[in-house]
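Can you read through this structure? Questions will come right after.
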Amino acid sequence: MIDIFTTGGTIDKIYFDALSEYHIGPTPLPDILAENNVYVPHRVTQLMRKDSLELTDDDRQAIHDAVAASDADKILVTHGTDTMVQTAMVLADITDKTIVLTGAMQPATLRNSDAEFNVGFALAATQTLPHGVYIAMNGEVFDPATTKKDRDAHRFIRA
Amino acid sequence: MIDIFTTGGTIDKIYFDALSEYHIGPTPLPDILAENNVYVPHRVTQLMRKDSLELTDDDRQAIHDAVAASDADKILVTHGTDTMVQTAMVLADITDKTIVLTGAMQPATLRNSDAEFNVGFALAATQTLPHGVYIAMNGEVFDPATTKKDRDAHRFIRA
Amino acid sequence: MIDIFTTGGTIDKIYFDALSEYHIGPTPLPDILAENNVYVPHRVTQLMRKDSLELTDDDRQAIHDAVAASDADKILVTHGTDTMVQTAMVLADITDKTIVLTGAMQPATLRNSDAEFNVGFALAATQTLPHGVYIAMNGEVFDPATTKKDRDAHRFIRA
Amino acid sequence: MIDIFTTGGTIDKIYFDALSEYHIGPTPLPDILAENNVYVPHRVTQLMRKDSLELTDDDRQAIHDAVAASDADKILVTHGTDTMVQTAMVLADITDKTIVLTGAMQPATLRNSDAEFNVGFALAATQTLPHGVYIAMNGEVFDPATTKKDRDAHRFIRA
């Protein structure tokens, strides 16, 4: 069983014309997994719908508690990219699970989104990596303790 | 360095109206990797453009030789799904590399293709799995020796 | 009221992996009209699902009769491109309606399909053109009597 | 010859992650017309890249002057939907051309955008309608003098 927790972020953004703005919408994870015929047992839980710049300590604690309470040892967390490393560090004390965080630079609703590729990549990582916490972005697996988001290059790099 | 070898299959099919048929086209791998901002060093080599039902023993030997000759120890092979297991078995004697085979049930040119998800998934597998040969389809990693394609269910299963 | 009759053709083709072939599926018209928030009253009737090279005289007569029996004076017919002109000529004796035929060179299921553009184009034509029969393809309105499909150029031209 | 003038608006919005905002980008018109194999002679001129709520009287005058100076009598203007009616009224004194304004409720970069459908629809309208100024949205042709945008319903209606 893979427990998937969604928290918001760019990956979940949808376009609302009424306000001409981009809002966090419902997670696209169920659709992505269905479209790609993913049979491996999994559960999707939407914890929150927040831009990661707006996550509070309480929010990160809530994510931590949900992950720690899971009976699965394979965890995928979708998350905004801006503070993904921060949340990963909060999860670091959970040592009996493989926890992978991913997100997207472009919303899943965009034609050229990286959402599907990243979710596929991260789903493999949850099943193949040993216990620990990881960032999976740009086709690479990163150790949160030594990585950061390079905004201008639209990718994560080793700090 | 990840060496990516493309061989054809549904993942590479494009629609030609002139003949009202679906033909194998150039591999979409470079576009997929670029669109998803994959920075990890990689090389894409198009070995052939064949439906996997049309691969001959010579073709599979050519794939084997290209993989064996690679100086990389992370190999991704995109391949038609119909005889993916067969090619994987031919590669089984290469024991000093992580070799992952993937493809797609729906061409990359389709709006709801599984191509991007599968390539993302397989790219993670090449970087995280120990040496050996694997099938990566439907969000799961399979041992070629114990798997087969279930045509009606549009997925791979443990035989 | 715009009466829309669908008959098959490339616009309706969907990809079946089980047979590795492209089959005519249900018409994408309802989805296209919903996605594009088309409010003008309309009705969609699927008459048949045939490649236009396989339409018989009886089929074309059936299309003719359905159009003639419609109480609407604005008719859109989606049709395979190979014999679209032929069907248009069969409809030529219906003089009290604006009848527009369109289709697609690439199935609606393809990422870069011309289906949506062509349906939008044709829907405007049904509402603005005087009574008569027209082909609407490649961003142009053609008189069936003086047009033909140029297969190699993937478009319709004045003969 | 159809003269196409682009001014910005939602149809041209692209997603910049660096600022997590949606910005007006280059017009997608050339790509849309190429993808849909539009052969009818046309020219695309990007006049500005502005959200239509930010257009000034000088901007609307600039649009007016570009249209009036065109040697074509078929004009398509892509425009933000919020003040499309306002610009249409400014163009009303140009009586020797067919001028059609369209835009999109969802950016062209979105998977389910109405951009392609609307551009196809409007392109037909420029070729079939008599001289005058029109709004083409939601699969309908509107007289600017008697129409307005219904924000909540995401469409244009007769006022």
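As written, the chain order gives the labels A, B, C and D, with residue 1 at the start of each chain.
Going forward, contacts are C-beta pairs under 8 Å (C-beta built on N, C-alpha and C of every residue); 3 or more make two chains touch, one makes a residue touch a chain.
Since we're looking at a predicted model, the values are computed, not measured.
Peer 1: Overlay subunit A and subunit B by their C-alpha atoms and let me know the rotation angle in degrees, rounded to the nearest 5.
Peer 2: 180
Peer 1: Compare the CA centroid of subunit A with every other chain's and tell me the farthest one.
Peer 2: Farthest chain from subunit A, going by C-alpha centroids: C.
Peer 1: From the mean C-alpha coordinate of subunit A to that of subunit B, what's the distance rounded to whole Å?
Peer 2: Roughly 26 Å, centre to centre.
Peer 1: Just how far, in Å, is the C-alpha centre of subunit C from the one of subunit B?
Peer 2: 37
Peer 1: Can you compute the centre-to-centre distance for subunit A and subunit C, using the mean CA position of each chain? Integer Å is fine.
Peer 2: Computed from C-alpha means, the inter-chain centre distance equals 43 Å.
Peer 1: Considering subunit A alone, which of its residues make contact with at least two other chains?
Peer 2: 105, 111-112, 154
Peer 1: For this structure, give each pair of chains that are touching.
Peer 2: A-B, A-D, B-C, C-D
Peer 1: Can you list the residues on subunit A that touch subunit B in the complex?
Peer 2: The contact residues of subunit A facing subunit B are 32-33, 35-40, 105, 112, 114, 116-125, 127-129, 136, 138-141, 154-155.
Peer 1: Help me check something: in the complex, which residues belonging to subunit D touch subunit A?
Peer 2: 10, 15, 17-18, 20-22, 51, 53, 81-82, 105-107, 109-113, 151-152, 154
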